[in-house]
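One chain, chain A, links the two complexes that follow: it is found with chain B in the first and with chain C in the second.
Entry: the complex of A and B
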């Protein structure tokens, strides 16, 4: 039986890969991008290039749909069944590292020196994961809209202040041309809320977790800055600036259909906006008093703790960090290339390219979500708090309850090692 | 003392064996685990060792307190009133957060409150979301059990006739049952859509636009009702079939006798059909109640417990905590509480519907 399985595996492997597969040690790789053809093609290309480039390792790719990926990894880990290499969403990485799913990467620091900070998954002072791309969020609008409303075009160095932003929303609302002035993307529940909206809170001066200790949310998620943020957030919906219950279809095409004057959206949606309007532009986040902020970190590669061949796994990740692959991902699915060289070579992010703005935003405004194993729970609590506040719940009480829940979770977990 | 179960019954056990073993492994064992885990601080994933924590999970889940607040008064002792003449009260938060004088209320939140004279009585809960889920689930059961059971009986009576094409109607009424509940929930999400949903368009057309568009699932006042209506529609066909099987066990001779005696349709139903459906009724009631208590998929697909916790349910919270928030002990505790509730209700139902000798 065992011999037969090995034989079948080798036969299958050699049929699929190349004739050199016989001598190679197999490394398994889990990836979250099943269902996306372009993405699958690029990652498949990297795998076959790597397998052909040396004779020690043969990487075998297994793809999962993104919605089921995290659950699969957790289930795999509980069953003691993790692959050698796995990809991990940036903010989730500390949770997996702390839980013992991941081991630190052994990649030459010099190789990633010029990578965007959001692509480096560092926890507890060690590099656990590295991304082949980053993602960024911007205020999508049209040049003509700004001109018609008589608004100053904000820049990364001089972003809109809170008052300017609210004046812009008022102007858009008063113009009567839009169904809603501002589309924050309420239809995208889940990680979008903490990813896209916690930077607003941080710009107000609050945060999801106190980053000085990482053991409490008291004072940062329910302090004065957070209360001010909560009141502002609620006012978006009570004053009619933003749609509370949004149809997912409106999220995808509402801006292109002219329903919204400003849309808070990621670089992955930028091509759509540019197709709809030639003069679509991507403005930096407003400064609510504590500097303009956007979220950072996307999917990254790491090595599982159980891997018997971490050197092979690291070799694959290092191999994937070549500029040509970084550029391929960017050109293929619109992601932000993590290095200046790969950005310069890309279609969308090169100097003068249509999405160049995002690279600068990513480099200058990006703030990582709190790097703590407790983030996974805190993010869910934060999402619910924002949804409740938007629906009219009392701001102070909701944020207090969120703090209590986050603190209780941190305590239950022995401070997550802090 | 050899019982019926052990005596010369090898064939029986061999036949029951595979199913019984599967039940034991996948139903009984996990359930025993859940009871055990609810007394610990077990996490889904954690490098920390599991510790025994006694009843603290239950205290955290079910802890309630009552706080009676006197209205605020000015220096002369007169009650301060707002423009509507309502007295104002100190905020509950000032008692439940960082207040050393009231440690018993620490971390609690307001569940609901009512006026008692000039005083306001606040019922506080340690886990408001769970308490809301509990209330929502009970409302769901109280509405769904009679409505779904009654509608199913009505449908069963309608289709229990010898008419041309009656099988077509049977199939149509049964169709929602065989479609996955996830698919049904997605479809109903579109039906309930606040802008261009079928229901809103229908109401608009019927009323010539006088009924305003309602975001059925996005409004705390309508979300639970919308889910109740959709759930009743989805499962009514299943119970219709059970009623139908009950109807068809009633001997036609009884109906003939009733007809000869000159019984009216109502009398026939009341004195022939209904007594004949007694056991079926007990089964339908218990099954609907148990299914209704496990309300999950519709919530997960359609509302995620929102808006403002108006559609939180017990099972949704159990999954959300156990898996979403990685708190297996919390999820287990909820499951055990649910088990106790369903068990006691089933026992009460059995006692109420017992055969009176």
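Entry: the complex of A and C
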């Protein structure tokens, strides 16, 4: 074979390769996981696999640090600079859809039929986003603590009642072994408040917004059930069950250091608890009268309203829903796999796995935060109200003021389309 | 009598140094805590916060947090971006603002008092109030680069530099300093036939060392600590500065040691810049009488 033939072959091959590359339309993807090595590796692998699996689309990933992500997206939307695909925190999704940042997601519904409810971003009757994992909160403690305090081990089917829970806190307090009986996580602010604490309110029978109309908080955030919840919440601090001010370091390591008997914490902290104590267990939320509740919905993928290639964006999202990726995220960063198959294949959530309890909690106790564009404002109002009540503000007045503020925002925004 | 006075002097000196040392310790302890913590594993770091060990290089000491910080984020790139953006902004700001102040103080022109008042009035306008209009403008501005004329400044260095070149505070500092310069110097130069440009370059600026240092340090700190604006206008990692980069370390399970290592690394340029200009900065404060 002459040099000319070889050269011609190389040129032809290059031309073919470049024409293949040229044929791929670029899709931009914004993701919130910058700074998390494991997460970056998995999302990078999905993008790489997708790009190699077909010749129509080439996804280009741009990662943002989570704490800066929402503000970056809002600024991007203002400047007309949104990507094709973006991920969105579940409770924020309705606001972004209502604001025109997202368009409905067109993927085969059969593909997500067995996904946990918390992973499906549905608003106004349409699917806008889908998550590759869910997150859950549980009452973390130790078997030895339950035994020493003579407490019944609650189960998903038979959780503690309010009286049992308060008796458990009393027993922990009376033992003198702990600085505080219960660590709700006061060092964390922002979305932690509605995510972690509004399920308590819902278990009392109240809510952040009236879900029958989504146009008011009147009666649910300041009704009898909410007042009872508020009084209980305040008593956690006035009665000395929980620390009002908490150092972030204590939130991270207080339970492991034996400062707290019970810690209300997420599945993302579960591996740390298991590392600290081999008898750490994860208990379901107490039932305050209207069933035990925990929060649901984590980060999900959606297609931006600006995308000129929603079919390509949807194809990428559908590709990412493969069980092997769902399991990889779970194994990598401890998240709850959204399907039975991915859970069964995971290290932590398979039958007998150390965090198996969280999957069951997500499946049976999870309640989505109110799916309304007004949630983002209501969540901040709820956070401030709870902080004020914890600091001693009058429960009734504070909740009434919160209702007024939420209702004013809803009215100002034309009931957010409801 | 003389002996008593001497004793009093010694006592006063001792008390003065004791107080100064205490103040210095208060200011330096956070830095020591940051540096020491950056050398410790998380568990030890958190435990040590409950004692004076937090300020000592004791226990399991290593550079692991620094290596981990470099693995988690492109620290070098972020520092480079911040130093580049900050450095260019400081240089351009000193040139533009000193020229503006020169015109306000030495050249007689109609409306200068009114314009100076308007510029100074911008000092009470928080950046947040103009951020969104500025974003919308920046997103549509044209730019001539290697790719020809493009539209939109998002994801670039210029969008982080240009809006901050001129500012009321820096102009105010130069105006105040120039007002205190002897008018005879300027008049003599003009009588000798010097142009305004020559007066600026050869008479005024050679005397402006202290205010240059003050303005440079204040501008450096403001620019190096930029967070909101780059968050809004930079979506690509390639242009991200250090403060947005800090958010890479605030994951659900926070790696405190890595955070301290990152903070130690990004503090180095600030300390180096301050130490470089420290003498002129202090001279400026002493001469302009803006002591805290």
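The criterion applied here is as follows: the second predicted complex is superposed on the first by the 398 of 418 C-alpha atoms of A that agree within 3 Å, B and C clash if a C-alpha of one lies under 4 Å from a C-alpha of the other, contacts with A are read in each partner's own complex, and residues count from 1 in each chain.
As a convention for this text, a contact is a pair of C-beta atoms (placed from the backbone, for glycine too) under 8 Å apart; a residue touches a chain by one contact, two chains touch by 3 or more.
Keep in mind it's a predicted model, so treat the numbers as computed, not measured.
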First (chain B), second (chain C), both or neither touched by A:396: first
Partner chain in contact with A:68 - chain B first, chain C second, else both or neither: second
First (chain B), second (chain C), both or neither touched by A:272: second
Contacts of A:380 with chain B and chain C, given as first, second, both or neither: first
First, second, both or neither for A:356, with chain B first and chain C second: neither
Chain B versus chain C as contact partner of A:79, first or second or both or neither: second
Touching partner for A:34 - first (chain B), second (chain C), both, neither: second
First (chain B), second (chain C), both or neither touched by A:253: second
Overlap of the chain B and chain C footprints on chain A, listed as residue numbers: 71, 78, 247
Chain C-touching residues of chain A, taken from the complex the two chains share: 30, 34-37, 62-68, 71-72, 75-76, 78-81, 247-249, 252-253, 257, 266, 268-269, 272
Chain B-touching residues of chain A, taken from the complex the two chains share: 71, 74, 77-78, 95, 98-101, 189, 244-245, 247, 250, 376-377, 380, 384, 387-388, 391-393, 396-397, 400-401, 404, 408-409, 412-414, 417
For the chain B and chain A complex, residues of the former touching the latter: 41, 43-48, 93, 97, 107, 109-110, 128, 193-196, 215, 217-218, 220, 304, 306-309, 323-327
Sites on chain C touched by chain A in the complex: 42-43, 46-47, 49, 71-73, 132, 135-136, 138-139, 152, 154, 231-233, 235-237, 244-245, 247-254, 256
